[in-house]
Structure formats: structure tokens, C-alpha cells
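Listed below are the structures to be examined.
Each of the next two complexes has chain A plus one other chain: chain B in the first, chain C in the second.
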Partner chain A sequence: MAVAEVELAQVARRARVDWAPYLLVLPTLAFLAVFFVYPMAQAIGLAISDQQTGAWTLANFRRMAGDLYFAPAVRYSILIAAFAVPLQVALGLVIALLVNSRFPGHSAFLYLTAIPIGISDLAAGLIWLSIFTERGYLNAFLQAAGAVTEPIIFLTFEHRSWLVAAIVITEVWRATAIVMLILLSGLQLIPKDYHETASVFGAGRWRTLWHVTLPLLRPSLQTALIIRTILAFQVFATVITLTGRQIPVLAGEAYFWYTLYRSPNVASSYAAIILVLSAAITLGYLRLLRQRELEMAA
Partner chain B sequence: MTLRRLGVYSAAVVIAAWVLLPLVLITLAAFSPRDTLYEWPRRIIPDHFTLETMLFFVRSAGVLPSVLNSVIVAVLTIIVAFLISAPAGYALARYRFRGRDAVNLAILATKMFPATVLSIPLAVAFIRWGLYDRLIGVAIVHATLSIPFVTVIVSSVFVGISFELEEAAMTLGSSRLQAFLRVTMPMALPGLAAAAIFTFVLSWNEVFAATILTLNNRTLPALIVNSVLAAGAPMHYRFAGGFFMVLPALIIILLIRRYLLTLWGVTVR
Partner chain C sequence: MLLRILAAAVGFILLAGVGGAYTAPAQEIIFTSNQFSPVEEQEWARNTLFARFTQETNVGVRFINETEGPYVDRLVAEAKAGRGTIDVTGGLHGIFPIFLAENVIRDMKSVQASLDGRKDRTFYKDLLAVSKFGDVQAFIPWMQATYLIVAHRSAMQYFPRGRNPMRMTYEDLLEWGQNIRQATGQRRVGFPVGPLGLYPRFLHGYIYPSWTGFQVKGFKSAQAVEMWQYLRRLWGVTHPSSFTYEIMSEPLLRGEVLVAWDHVARILPALRQRPNDFVVLPSPAGPRGRSFISVVVGLSIPRLAPNPELAARFIEYMTRPATQVVTLQGVGFFPVSPQASREVPAGGLKVMADGVNEQGDAPDARTALLPIGLGARTGEFQPIYRDTFQLIAIEGRNIQEVLNAQARKLEDLYRAMNAVCPPPDPAVRPCKPD
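And then the complex of A and B:
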């Protein structure tokens, strides 16, 4: 009797399932399946199949790995990410903390520092080109300050580290705003009581920052790191505008293999590498940051 | 206390200068006479300002048609992205349903994944589907990129509007759809407009997919990349192009400033 009642109630609940949300969500999921999941599988598929016959082969990967630009492209992509991402996170954190301290004028400061989120990698590259090029603003400032008499050629193959530095500076200028917004929204989720409690117990500003704010901000820091690292491996227009192909990068090589050598299959091999690297990085960060948590608990 | 305030302000001024100075310089470059840009010693502020450099860029072959293409693609992107993902944003705000977290995760994955490199396999598919070198093809990819942003803004907009108002309208005899259109929609419009503007910028700025997926029907970024790489465009063309591309960004940040945090403020937990 009692069992029957429970069953009846369950049946009734099942019958009352509201299908509306599923119908509303369906277009998004279907669209993502066709234009996001399918091409992802297709990237792998193209990378491991022959351009003419479609038969399975590793020839595309061999062609990619045998190319003169491949090894430097991997190296420079990692190098650029390794320099740019920590700088973006550090500067983004400083800006977010400044805004969150709510000094008079903080909202104007927020909008100002957020401007670069509306600026493309291409435009950012062209802007910094006007600074770093031979007759550019950097040389103009140096000359006006009396530091040089002849222009210094910054963007040259002879100083590859300068080329990388120019890319990193441009990427930091452009993409710090995204990190800052992620971290700022994370900061605003932290209840004020935590800070009040910390100061009641006599913690100074720096100790509060280190022991209260940063640990609580960890999920946002994690998101910022993952998003920025993955995007750093797709860096394209900034590199192209500042250095052409002098500094090869993964996305750039995918572009050249597609447009210049007309091989969508080798280009897809590059896309596949970027996908695998991104997945590995995401998992790596999640692992790394979770282990920290365990260590702290232990 | 005052020392601390001094520190805060000087840090803010330095950072503001770091963000602003390159924007000022590209503006100077875009309105300097061509000769000033190539002479040495290089003058920072030209002896007179001129439209000559900007006009040279705008009148260069292909620029105006590609600007038109960019605008068309951006508008198509807004239409596609909203048709597809505004309902999802509404559902995520208004319903608690099984699988809600999975949907959230799928949408977040799109934001975090290297979606632009997917344009290479897509180009192959688009040739088969007859979408290659067509503006709607580019718009579809841009819509894929903007779906996570449109969904979160739309969702946050509807979370901010009390459902009780809709319910009140329904008790007064209007259907759920009527209640939505007459009561919720007018209040949601500013937020939805912000989402549309952001989508416009995202599409206007996107380089890689547009470059891969077009050949004759270039968008502006695709045209500039091509003229820099293949045609070796002169410096003053590049500077003017850079300024031209940045212009919308400045206006747009002002328009959507209230939603800046919603756009990026999603955290993986």
C-alpha cells in the first residue's frame, strides 16, 4: 500500500517533467555539435588521412614534423605563452585589486583598462608595429631623449629575442584586460566579512591578501590561467604583423600550410596539435591546482 | 593612509598610461602626413594633422567592400547567435532542470577551447556544403565563438528580472509567451543590446577564421592580413588600418561597460 503510493507519486513526478527548458537549450547544443564538435573530430580525421585517397596515414604528421618551421613553431609558441601568461595574470591581478580597493575614480580606471578587450590581435599588432618599427615611436622617443642618433632596428631576424619580446609586450597589452575582468568578478564574490575577520585578528593588508584573498580567488585564477594559456597557443595576427614568419608559431603555420601550400591535411595536423596541447594544459592546471589543495589540507 | 593613497594613485596612473599611450600614438600616426612617418629624425607630433593617410587607406583597393562585408558578417552573426542561444540563456536563468550543469559546462568549453583553429577542418566541410567564401559561412563560425558570451549575458539579464512579474501577468490572464513579451522583454532590452554589441565586436575583430574561410569576399581583418603578408602593404596603410579597426572598440566599451564583468566573470569550480 505504502509502496504503491510512493510509486504513484514518482510516476506523477515523472509525468510532470517540463520539456520547455530542453527545447530551449536544444538549438544551442545542436549548433555546437555541428560547428564545434564535428570540426574537432574532423581536424583529427583530416590530420590522419591522405589528401587524395582519404586512406589512413601518418604522412601528414611526418610532413609537418619534417618541415623546417615545425620545431621553432612549437618552441616559440611555448616560449611566448610562458612569458606572456604569467605577466598577464600578475598585471591583471594588480589592476583588479586596485579597482576592488574602490579608490575615488576606480570605475573610470576600470573602463580605461578594459578598453583592450575590444581590440583585436590584428589591430594590437599594428598599433605596436607603429611603435617598434624602424621609424617608429620608440625610436622617436629615444631620439628626442638624446639616447640615439640613428634609429635602432628592433624588429629584425638578427635579434630574435627582441622579436619575441615585442610579441610578448603586445600580447600583455592586449589580453591583460580579460584576465583582469575574470579576477575582478572573482574578487567581488568574496564576502567582505572575511577581510573584516582577518583585520580583527590583526592581519595586515599584505597578510590578508596572501592568506585570505588569494586562496579564495583560486578558482578565478585557475580560469584565467586556462583561458589565457589556451588562447596564447592560438596567437596569430600579433605575430604576423610584427614579425611576418620570422617567428613561426603553431596557428601561423596552420595558416601557411592551408593558404600557401594548399594542404588542409597538414594544416589540420597543426590544428590537432593545438587541440591536444590545449586539452593537456587544461588537465595539467586542474591537476596541479587540485594537488596544492590536498597538500594544504594535509 | 595618505602614503597608501599616493601609492594607489601612482600605480593607477602608470597602468592607465601603459594602456592609453599606444592608443594615442596610433591615433597620431593615422592623422600624420605620410612623409612624417618615414622621415628621420622622426617627429612624434606632426607639424600639421591631415586626413591624407586615412583617406589613402579607405580608398585602397578592396577596403570599402571588405568593411561592408565585415558589417554584414557581424550583423548575420548577431542574428544567428541570438536565434540559437538566447533561448538557452533564458532556459538557464528560469528553469532548474536535470542536465543544467552539463549544458553550462558545454557552453563554457566553447569559450575555453581553441575554436578558431577549427576553421581549417570547417573550410573543408564548407567547400562541400557550399558555404566556403560566403559571408554566412564566416558568420556561422563567429556565432559559434560568441554563443558562450551571448548565453551568459542573456542568462544574467533574465536572472536580474524577477520571474514574479511574469507570474503576476499570468495570473492577470496573459499566457506565458505574452507575459514574456510584454513584461520581461522590455526590461531585458538594454542587456540584450549589450550582448549584441559585444557580438558585433567579436565578429568585427576576428581574424583567423575569416582569413581561412574567405577568398574573394574578404572581411576587413582578412583583407589587412592578406595585404600585409602577400602584398607587403606600406607602413602608413598598416597604421591607418590599425586605427580604423580600433575605432569601434572605444565606443563599444563605453556602451557595454555595465556588462564587462558578466562577459568574462565565469569561473570553473
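And then the complex of A and C:
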């Protein structure tokens, strides 16, 4: 009798332990399946099927690769990410360290620097367009300061590097804040004891930063890097606003193939390329992280 | 507790007040369009154009504006699903072949017949002609538009001496741009070359027929090579930020650009804000005449519309001469009936209307229509011209080689869809560049 009761309780406990977590993740899984996995499968299906007949084909990828804007779009997408992401992470880290030092007025400063998070990428593009255009704020300022007599045309197809610089500046302005918030929350998770111990052993600020803070911040840095890199490949509203199509990017091309050319299939091919690139870079980051952990363990 | 009751009471009074002021119309129709995309135009359409219809009939109008892709997809998806929610739709005449191919819309002959029965309106014959595809009338003409040159009054002093701006040629335009550049040190001619700008229309409907006589047929001809050489020179006096421009009224108002070419609806905001600062001129003439595009927008009732009778009443209201004048005043689209054209009052719009008339009445005028019959691949037509421009004018590639390669794409497109050449080209099927 008593034995049977114990057994029953064990069975009940085992059943509860087995099913509860699955029930709890079920809504998330269902959400992901409906709004992420299903559209993704559908997009890949579109990318490898003919627009008219629906038969399987690689023609969409051939059309994409043969397009005038494909090679520049790959090049510029990688270039913009390569310039913008390190700048965002470096700048975000500096601001996060500054805020974490809790100087007087640091919370007002935090809110001020976090404002761009609330601004959509299109609005950010328009703000910077009104700065960089020939009759924009930057030229007005330069003229008022007496630095130039005639306005400089910053946004010109004759200087593609200026166009890329304008995009990178806008992206850094727009997305540094989110990196800063991720890193700040990471910094606040580091127990004070480590820093106190470091100072007891006579480590200066730089040594503490380099040998204590940054290694402990690595998980947050990885998160920020992965999120920013993936989002950098999805950027297009700021790019189109500032440079039209003179600086083509992958997400922008997907948009144009869908809206201008009315070809959801080729647009999906672009989406597939973005997916592959993002997945590859995320895997790269994760692998890099694991190697570092192994080094540290050794 | 007292506070909570008070708050509830105040909330209730507010709600009741709002409810009292707003009486919902008894019925509602859904109207979709890819026109009126600027937010100001949508607001105006809801508050003025449709509100008057609701006042008169007590039928509400729910207006859904979308860009061309989703706009077409929604209608086609409803037709495929066999369940319609859209009562009436308005689009460019070039979209209707897609709707006919996908069996989305009704034959509008009976609606047209009842409109013809009214004594207050007739429709321009050429507009009625383009509304018919075979023996089906796909739409009732709703509005029409074109593209023109607008210039700052201050720029007129640089116009080539001894030349008539109302009979401008492409050489005049280039010289004008050069004069401005010399005088002001900057390139001040502007075109809407931005990704969603309408510059491809300039290429296939204006400069191509003006130089070669055709939109498609002369694509890689010797005249086309000359034309592209000219365009390179014109690009040399064009503002280098032109690739960011999508609506030319903006750089015109900022003063970045002194001479611009664009769709009437996209230059109207400048004329409205400063009617005395701008002049409207006809598009230039080339060796083969003064070609311009006549844009026709039509209204149609989907096959599965839940309220086709209300939709027909809505179409009657929208094509009424008084409504047509209000539409011109609101968004700068011109009337489709001569009765309405006669009622246009003086003002900034008159400046525009005169420009439109000068363009249409010019002795060397030739009308180009938007390409039709490309079905689901309609969207591929303009990019061929846009890419050709990018390759030749911006990247400086060899003109004849680029033209040969792009002409092959044009030929493939027309052969695949077995489509006819758009006027002024001869009606060859499938259309083919020589």
C-alpha cells in the first residue's frame, strides 16, 4: 500500500517534470512555426520554383546572379556591415562603460543616447537626408561657420565612397544605442568583487578593462555582434533614402524585385541569399566564441 | 473609490459625446487603388472627395491605398480564393490586362451605358478607346495625367536667346542647363532618377519616341545611339543628387533644382505652395517630334464585388463633372470629360492646365501610351530602360553594346508574352526592337 503510494507519487512527479516545460515552450514554438519557419519554407519554395508553372527550377537564382545590381549589392552589403558593425560595437562599448561609471547625470545621458532606438530606419534615413542634402543642415552650418562659400554636394554618384560613408554614419547613429543597451546590461551583471579584487592586486583601469571587464562581457558582446550583423544585412530603408540605388544592398534588391519588377520568386532568391549569409556569419561568431572558451579552459 | 466613479463618469460622458457627433453610415464600400499614394492626397481623398459621396448617399467609403505589388496581389488573391471584399478599384490602364488575364474584373459596358444615358457628361474618345481590350471594356475612365517640365521663374533668364520655351527642343534644354551651370556654377536641371521616381517613363515615353519615333521599335537604332550620346551630355548638367529624387516638387522648393521634369501630381505641391515662382512648360521636342505620355486611370468593379450597385453609384459620382474638377484641384489629375475641363477655374492649376494644353496642342505632338499586354511581367519593362541608363550614362559603358544586350531582353520579354507594341509604335505582335 505504502510502496504503491510512493510509486504513484514518483510517476506523477515524473509526468509533471516531463511535460510542463514542453507545454510552456509550446506557444513559442507554435508562434515560431507559423510566423517564421512556415514563411521561410515558403520563401525558399518560391525561390526554387517557376513563377508561371510552379515547376522546380534554378532560373530565379540565375536571373538574380545575372542582374546588373547583384554583384554590387553583395559587395556593398558586406562593406556596409564591415564598416558599421565594428564602429557600432566600439562606440556602444565606450558609451556603456561611460554610463556604467555612474557619473552625475548619467541616467539623463542614457535616455538621450537611447533615443534613436525609437526611430524607424526610414525616418532615420530622412533625418540624415535633410542633413546631407545640398540645402541641408550640414551645408547650412558649414556656410554659417564660414568654412565653405558654396554648398558642397555630399550625395553625388561621382563619389560612391561619400555615399557609403553617409550610410555608415546613419547606421552608426541609428543602431549604436541598441548595442550600448545590450552591453550596459551585460556590464551590470558583472559582480563588483572582480573589480575590487583587481584593484587590490594593483591593476590599473586599462588592465582591469582588458583582463577583467571585457572577458566577462564576452557573452553580451557576442549577442550584440550577432544581432547587429544580421540586422546590417537587412538594412535598406536608410540606404535607399540616402543613395537611391547607386549603392545597392541585398535587402533593397529583394524589395525592388518584389515591388518594381513584380517577381516574388527572384525576391525570394535574394531573401535566401540573405538567410545563408546571416546563418554563415552567426555560425562563424559562435565557432569563434567556442574556440576562445577552449583556449580559456586550457 | 469616489475618484474611480468620477473617472468612469467622465469617460462615459466623453464616449457618449463622441458617439453622438459621429453617426456611422448605413453601408460601406471598399475602394482600393494604387493612386493617391502621398499621405496628403489620401487625407484629402478621405476628408473631401469620399466624404461628399457619403454625405450624399449615406454610403461610407473605406479607401485602401497600396503600392502596385500588393495592390494587384490583393485583387488577384480574392479572385483566386473566390471570395471578394473589394467593391471598386482604380488603377493605371496598363494594369488592367493583368486583371483581365486573371479574371478579376467585370465587363464595364453596362456601367458605361448607364453613364452615357446621363446628359451631363461625355468621355474623351481616345480615353474610351484605351479602356477597351478586345470586346471587353475593362474600366470607366476616371482621371488622366501627363508629365511636364517645371522651371523656377528666375531660371527663365538663362533660357537660350531667341528660342521659344513653349516650343522647346532637347537641344534647348541642354543649352539651358549649360547656361545655368555657367551662371550659377552648379548643375540645376533635375530628373526623378530615384528608385521609385518616374524617370524610366521619361526614357521610354518621351525621349525615345522624340528621337527615334518609337518606344520599343527603335531601341538600338542609330538614332538611339545619338540619343544616348545626348543623354550623357544632359546628365552632365543634371544635379548629381538626382538619383535620390522621387518627387521633384521637393528639390524644386528647396531650390536645389531650377528646371525639372516629372508627373503633374508630383510637381503640383510646388505650384500650390508658390504659384507665382514657377512656370510650366511642355516637354521638349526631338528630331522625330514632341512625344509625351498620356496616363489614363480607370475605375472598375471586381467580379466578386459584394456591393456592385453601390460601386456603380460611386463610379457615377467620381466621373461627374463637378467631382472631376474637385479631383483636379485636390491631386492634379485632369478630367476625362470635356464638360469638366471647361469648368476648371483660374489659378495655379490653370498654369498647369495651360502647360498640358500647350503640350497636347503642339503641331509636332505625338502621344505615347504606357505599355500593355505584358501581363504578370509588366514590371520588367521599365527596369530595362532604367538599367540601360545606369550602364550608359552613369557607368559609361559602350552605347551600342549595351543597347544590343538590353534590346535582347526587351525582345525576349515581348516574345514570351506575345504582346503588341505600345503607341506610337506600329501595332506589331510580338513587339520587337529592329
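The rule we apply is simple: the second predicted complex is superposed on the first by the 269 of 298 C-alpha atoms of A that agree within 3 Å, B and C clash if a C-alpha of one lies under 4 Å from a C-alpha of the other, contacts with A are read in each partner's own complex, and residues count from 1 in each chain.
Heads up, the rule we're going with is that a residue touches a chain if its C-beta (ideal position, glycine included) is under 8 Å from a C-beta of that chain, and two chains touch if they have at least 3 such contacts.
Every value quoted in this text rests on a predicted model; they were computed, and no experiment measured them.
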Simultaneous placement of chain C and chain B on chain A, clash or fit: clash
Partner chain in contact with A:Glu158 - chain B first, chain C second, else both or neither: second
First, second, both or neither for A:Tyr258, with chain B first and chain C second: both
Dominant toucher of chain A (residue count), chain B or chain C: B
Contacts of A:Leu214 with chain B and chain C, given as first, second, both or neither: neither
Which of chain B and chain C A:Ala90 touches, first, second, both or neither: neither
Touching partner for A:Thr243 - first (chain B), second (chain C), both, neither: second
Touching partner for A:Leu129 - first (chain B), second (chain C), both, neither: both
First (chain B), second (chain C), both or neither touched by A:Ala147: neither
Contacts of A:Phe233 with chain B and chain C, given as first, second, both or neither: first
Partner chain in contact with A:Leu58 - chain B first, chain C second, else both or neither: neither
Common ground on chain A, meaning residues reached by chain C in one complex and by chain B in the other: 129, 133, 135, 150, 240-241, 244, 258-259
In the complex, chain A residues that touch chain B: 18, 20-25, 27-29, 31-32, 35-36, 38-40, 42-43, 45-46, 91, 94-95, 98, 101, 103, 105, 109-123, 125-131, 133, 135-137, 139-141, 143-144, 150-151, 173, 178, 181-182, 184-186, 188-189, 219-220, 222-223, 226-227, 230-231, 233-234, 236-237, 240-241, 244, 251, 254-255, 258-259, 264, 267-268, 270-271, 274-275, 278, 282
Chain A-facing residues of chain C, complex: 67-69, 72, 185-186, 193-196, 239-241, 243-244, 254-256, 376-380, 382-383, 387, 390-391, 394
For the chain A and chain C complex, residues of the former touching the latter: 51-52, 68, 129, 133-135, 150, 153, 155-158, 240-246, 252, 256, 258-263
Interface residues, chain B side, partner chain A - complex: 5, 8-9, 11-12, 15-16, 18-20, 22-23, 25-26, 29, 37-44, 83-85, 87-88, 90-92, 94-95, 97, 99-100, 103, 106-107, 110-125, 140-141, 143-144, 147, 151, 201, 204-208, 211-212, 221, 224-225, 228-229, 235, 238-239, 241-242, 245-246, 248-250, 252-254, 257, 260-269
